[in-house]
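In what follows, structures are represented as structure tokens.
Next come two complexes built around subunit A: one with subunit B, the other with subunit C.
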Partner chain A sequence: MKLYEYIIRRLILMIFVLLGISLIVFYLARGFPSGIDPVTPYIHSKMTAEQIEMVRKIHGFDQPLAIQFFYWIRDILQGDWGITGTWANSRPTNVVFFSHFPYTVELSVAATILTVAIGLPLGIISALKNNKLPDHVSRIIALAGYSVPAYWFGFVLQLVFFYYLSLWGLPHLPSSGASGMEGVVSCITGMPVLDGILAGNLGYTLDALAHLILPAFSLSFISMGFLTRIVRAGMLEVLRQDYITLARSKGLTERVVIYRHALKNALIPAVTLTGMFFALLLGGAMITEYVFAWPGVGQISLRAVFQGDSNFLLVYTLVTAAIIVIANLIVDVLYVFLDPRIKY
Partner chain B sequence: MSKMRGISTTAIVAILAVLVVVAGVAWFLTAPPAPTKPKFVDENKLVYESGNTYQWMDPHVSYYQFDYWTLWQSVETLVWYERESPTELIPWLAESYTEIDPTTYEFKLRHDIEFQDGTPFNATAVWFSLNRLLIIDGTSGDPVYPVPGSQAAWMVQQLLDVSLSAALSGEDQAYDAAWVQAVLDQNFVEIVDDYTVRIHIQTPTTQFLPIMTGPWASIVSPSSTIAGDYEHGGWGTWDGNYVTYFEHRAGNGDTAFNVPEHGWKIGTGAYYVESVDPTTYKIVLKAFDDYWGGPDKINLPPAGKQRIETIEFVYQPSFSTRLLDLKAGTATGIGVPEVDIFSVADRDKWVNEGELVSIIDGVTVHGVFPTFNTWWLSFNTNVTNPDKTFRSWQPFADWRLRMAAACSINLTYANIFVNNRLSVLASNIIPPGTAPEGSYNPDVKPTFSFNLTKAAELIKDAYEHPLTSATDEMHYYDGTDIPPDVVDNSFSPTNPKYIEFYVQSGADTFIKMFTTMADNLNAISRRAYGLMWRVVIVPGGQQYTLASRHQIDSYIGGWIADYNHVIDWLIPMYLSSGTYFSWNRWSLKVLDDLCDEAVEADKAGDITRLLEINDEMNRIANEQLVYMVWWHDTEYYTRSSWLKGWYMNPVYGVDLWSSMYYESP
Partner chain C sequence: MENSEVGTTKSEWAARWADLKYTLYLLRKNPLVMAGIFMTFFFIALMFLANYIVDPKLANPAGYPEFGGNYPFQRSYVWSKGNIINWGPGIHLYEGPEFFLLGTDGWGRDLLKMIVLAIPVDIENAIIITLGAAAFGTLLGALAGYVGGVIDEVVLRITDIFLSIPYLILALVFATMFGRTIETLRFSILLVFWPTYVRLMRGQILSEKEKSYVEALKALGAGHARVLFGHIIPNSIYPVLVQATLDFGSVVLTFSALMFLGFSPSPSLPELGNLASDGYFHIFDAPWLMMFSGLTMLLIALAFNLLGDGLRDVLDPRIRR
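And then the complex of A and B:
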């Protein structure tokens, strides 16, 4: 099968996957017997029973579940993603989602860059200095990375790099938020760092970067651990291969052997991990965004969960499912370029 | 490399270096310098962080406590309360007011007050603002998809022709030109001259002035409001006719000021809204330089003190982060959940001595202050199955089981050790300080107390002599009587039954209390009688939707006064068509009759009679155990000690920052 045929087939399958997911999530959100009453986010405690029923009718929640699903699918395809509850000012769900999504993209990109920038070299060093001190240190860092709870690590970072440094009058990073200079530059992409760069405002850009560092590092620390281990394992296996021995015996420098011959093959599982990690992050890192008040989709979806907003949660689930499916596809396509032996 | 007893010098140096670093870090972490001047003082900014976000910033639409916090810094009303007093009303934007007759009040307006947009405050602005509220209308729900109408308009509409209100009539309104004219023809606000208005209500009531203190009764700038709404609505250019504007606005709460990303300057208050970020929820207020200062300038700092220039409301969902910000001096005040009170206050001093003392240098915890709220356990009758059929098992239609539940917990102990003593135990539903004076009567006491022996006796009696027919309070939803043999309250080990307490997730105090009650009751009835009690935790708000569908036995309910008047309690709580009875399906004719009498007494201005009826209603409700009243919340405020001149008004539970200033503690 040609590559483009493979891609088209996967995209068509994606539609069925998303339909199946939406069916399951719709039932869980609106139909599960002990589930959330979908009218919950639209009412408050001072409404009479009659007023609550009126709201239920207006939103169509009194219809049979199958009818509700049909209308929901129809509306989605027409671009009407429904309305959030009062907790999000009753704005259209897609407006709420996509106003927060750029922040999550920015955080995800930053976390992924940090993951690769730190995790990759650590994994390589660990493999090259196998069972020596650098390997031990690297493995301890990796272990800490995937053992430490995300929320705790976030708090520790805030404590050290914000609280104690500020207490001692030293330069410090902000505790939370995405920017301390809101409104200074126009919102173009919705990503503060990128908007600052596009506006040519160095102060704003640096402020946005300062706000980004702690949440991004907090997120990346977890995946960094996994990436380090994966790269290390991959490198160790590749370095044992005969063609590496041959390369060395031909007199190639160690740098050429490692980076031109060994690393490319060792990276295949690392690419998978990084791709999936990035895709998962795009669904929002709820805990990290909560701790750092990062206004991404993770934080907003957490609020939607607490408020029982099925409209938002349905859309959120669909979009993140689509992101994961597309990320899987991209990673699978990348394999073809990384390993010519792979054909679909 | 030299070695000493097998240890290399390098290793020794490395170990010593690590020890020095560890010692340094330990000292760094445990011996910080004394707090310096917080950053917000240098910037003359007040930063308030909380886990709440705004809903709607239009004072004529909003019906949410957190919104009021912002609004009260920015808008003003004709009358308001004397500083901390919850009952003493003073003219505010009005210079004076007179009751001409029971349905007519004349307000002389202050001169030389400007709105934040520079336009003058006058009678036309009052006429416009109060009619705008009526014209937006609303059901306290969602009559206008997707954005609600005014959720608070009903409070003023109850003083007028209720048939013109969707909320009060229960009928859809036409919201056409004829409807608009009908609303205006009520002549709620009559312009006498540029600085005199008369307000005409259709039914006399002592609630009038308290109702007029609410943010829904704010006076806003007509020109900026109309301009903003026209632009937001895409209505073209205003022709200068207010009726045209009202026809556009009719029944539509989607105004320019609900989520004002570019702020608004429509109030007369000390601060205008500079910006609202709909993504980060940050609200920025800026000092209005030409603010008139309130009567006798009481809303400004004392002479010589600098007014706070900027106020920021910051959404920070994590309490730990808020606490760090407070300690680091980047937040002036933070919201502290009740379960975290001892992260900021000394536990022993509070629990043992009732004194709230901050444990954080440079921070003061003000309080506790009473609030106008009550929490209770609601007992539901006329419970239905999910398929809407009448359920034969109606446990709380039986007074004995209500009383057994009420006797299963020591509320005094729970308030101290579970609720951190942060509430005042309730005698009945009316909180202290409710107007008119005398409404709160602690002598109308609950009829229950912690008594597991009594609970056991009652359950045993209910087991041996179960309810087998409907009580007087019960009826089908269409009002018809329930025939015999429909209700079957029998239970036994071979015919086990459940009773459920519903509570929202995250309400830790209530969850613990219900768990205690269930444990105590199960110890009595589970094995012996087959009657099991359990706690059901649901997402926030769902207990109300389930209660409104009459599908649950009981839930934790709470009411906070819309405005400070006893009628605002009696009607929603005791009238069969009121909010809570509409959920619980109680229908006590005696209470309905007393509600009617209370309204008549209020109309006649007969406060003595009103208070007698209030006492009687509370007595009946307590005897019948309609609600197991728990407590009235108190409130505390965690603020930097640099913030001076602090005070709050308990009616709306907000601290008003315009008169405050920064000074070294």
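And then the complex of A and C:
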């Protein structure tokens, strides 16, 4: 099978997976009378019962579930994603989603960079000093990373780097939000850091970066552990192989053996993990965004849950699932370039 | 009986015993695993003893007859004067007759006592969820791997679907639809964790069912059910056990995260995420609520992760010797 055939096969499969996801979530969101009423975003408190019934009829919420699903899919494909409730000023769902999405992208990119920048060296050191002190230390950091409750870690960071530093009169980091200077530069990409750079406004950029540090570190600490462990395992596996012994016996320096020969092969599982982690983050890190009041899609979706807004929830789930499925595909295709032994 | 022909002989039992002794030796040698084992035992013991150490009535208004059957709201969010930690300005110091080592929560209850009462709630629910997910996933995965064909394909695609939905949103949507009860929360988290076991077990079964002992069993006339449940599953259960121990930490964190985000059946329920959630709007005037309930959560998750991490190393034949 050629690579492009494989990609086409996967894309076709993806349609079915996305259809399955929409079926499940649609059924969850609309199939139960005890749950969210789909008419909620379209009504307000001053409407009479008859008017509400009329709205229900207009939007087809009185139809059988299968027909509602068909209408919903048709509308999604035509670009009509419905409107949100009054909690988001009844704006179209896609407008709400994509106005908050850049914030999530910025946070995800920052968190992923930090994860790789800290987790990768830690994993390599851990493998090279196998079962020695650095290995134990990195193991404990990794374990702490995936045992820590996200809300707690964010809170401790806020307490230390915002509250106590400011209490003692030291320079401190902002505790919440994505930017303290709203409206100073024009919104081009929607990502504060990038907008600041594009506008050439150093103060704004630095302020946006300061807002980014704590939430990004909080997220990366959690995923760093997984990356460290997988890099360590990969390195240990590769270092045992014959070609490494050969490289050493050729007289190559340890540096070249490790960074040029071993690392490249050890990184393959790490690439998958990082890709999946990035995709998951693009779906919004609900807890961290909530704790740091970060205006990303995770926090917005949480509000939609509590406001009973099924339009937003359905779109949100579908888009994030699509991101994850596409990321999966990209990672699998990347494999071919990283490891020439793999053929599809 | 055919049992004696296919079963284990005496020398094999001796080998297994030696293997077990070696495993225990490996476990003893690893300080991190030992720490995990002790912490796990501590929390499990606390799970059974909590209601004897602290009167469970103290979680409800009924536990405070001296306040007329109400929560002691007059001492909500207070920190005992003379306590070791100094949180800085802006907190309410309490000089009453009682001493609260970890301060009080919004209902004026002793936080330390509430944490003790919360530990069984969290661990119990996490055990139920993990076992449920592992049992369901293992059975489905075993079936898919053993039968193969269309069933295998369908099961795999369904796990694909579940793995592609962001896990928190799946649990949130489910919990929103079916109301905020403990049962709903359990089921909504189970929904997130079962697919891993399907993949894991299916992979195990695929390699296990090709082995010659399976062929021998079939030649002896053993039925499918006996081959699968009596031999193949027991032979490939170790990775599932390790995965379950590791998942336990994530389950307990997810459960408390949902509670923290506001999916608790009752805001006064002593549960670690719930106690932390009480402190969310008081992070600077009552930081102890978040601090200590989160710390307890961290220790519980750490205990099981240490145990699972160590078990994986010890049971993995590639790293073992």
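Some points to look at:
As a convention for this text, the second predicted complex is superposed on the first by the 324 of 344 C-alpha atoms of A that agree within 3 Å, B and C clash if a C-alpha of one lies under 4 Å from a C-alpha of the other, contacts with A are read in each partner's own complex, and residues count from 1 in each chain.
In this section, a residue touches a chain if its C-beta (ideal position, glycine included) is under 8 Å from a C-beta of that chain, and two chains touch if they have at least 3 such contacts.
Note that the coordinates shown come from a computational prediction; the quantities given were computed from them, not determined experimentally.
In the superposed model, A:Ala29 makes contact with subunit C only, not with subunit B.
Of the two partner chains placed by superposition, subunit B and subunit C are both touched by A:Phe155. In the overlay built on the shared chain, the residue A:Ile58 is in contact with subunit B alone; subunit C does not reach it. By the touch criterion defined above, A:Tyr290 reaches both subunit B and subunit C. When the shared chain is aligned, subunit B and subunit C each come close enough to touch A:Phe306.
Within the superposed three-chain model, A:Tyr163 lies in touch with subunit B and with subunit C [touch as defined at top].
In the superposition on chain A, contact is made by A:Thr320 with subunit C only, not with subunit B. Touch criterion met: A:Tyr146 reaches subunit C, while subunit B stays clear of it. Once chain A of one complex is fitted onto chain A of the other, the partner contacts of A:Leu252 are absent, as it touches neither subunit B nor subunit C. Taken together, the two structures place residues 36, 155, 158-159, 163-164, 167, 290-291, 302, 305-306, 308 of subunit A in contact with subunit B in one case and with subunit C in the other.
Listed in rising order, the residues of subunit B touching subunit A in the complex are 28-29, 32-33, 35-36, 53-56, 63-64, 139-143, 145-148, 167, 170, 258-259, 275, 277-282, 284, 314-318, 320-321, 324-325, 327-330, 386, 505-506, 539-542, 544-546, 548-550, 557-559, 562, 572, 577-579, 582-583.
Contacts from subunit C toward subunit A in the complex involve residues 32, 88-89, 157-158, 160-162, 164-166, 168-170, 172-174, 176-179, 249-250, 253, 256-257, 260-262, 273, 276, 280, 283-284, 287, 290-291, 293-295, 297-298, 301-302, 305-306, 309.
By the touch criterion stated above, subunit A contacts subunit C in their complex at residues 16-17, 20-21, 24-25, 28-29, 32, 34-36, 136, 139-140, 143-144, 146-153, 155-156, 158-159, 163-164, 167, 280, 283-284, 286-287, 290-291, 301-302, 305-306, 308, 313, 316-317, 320-321, 324-325, 328.
For subunit A in complex with subunit B, the touching residues are 33, 36-37, 39-55, 58-59, 83, 86-87, 89-92, 99-100, 103, 155, 158-159, 162-164, 166-169, 175-178, 182-183, 190, 290-293, 295, 299, 302-303, 305-308.
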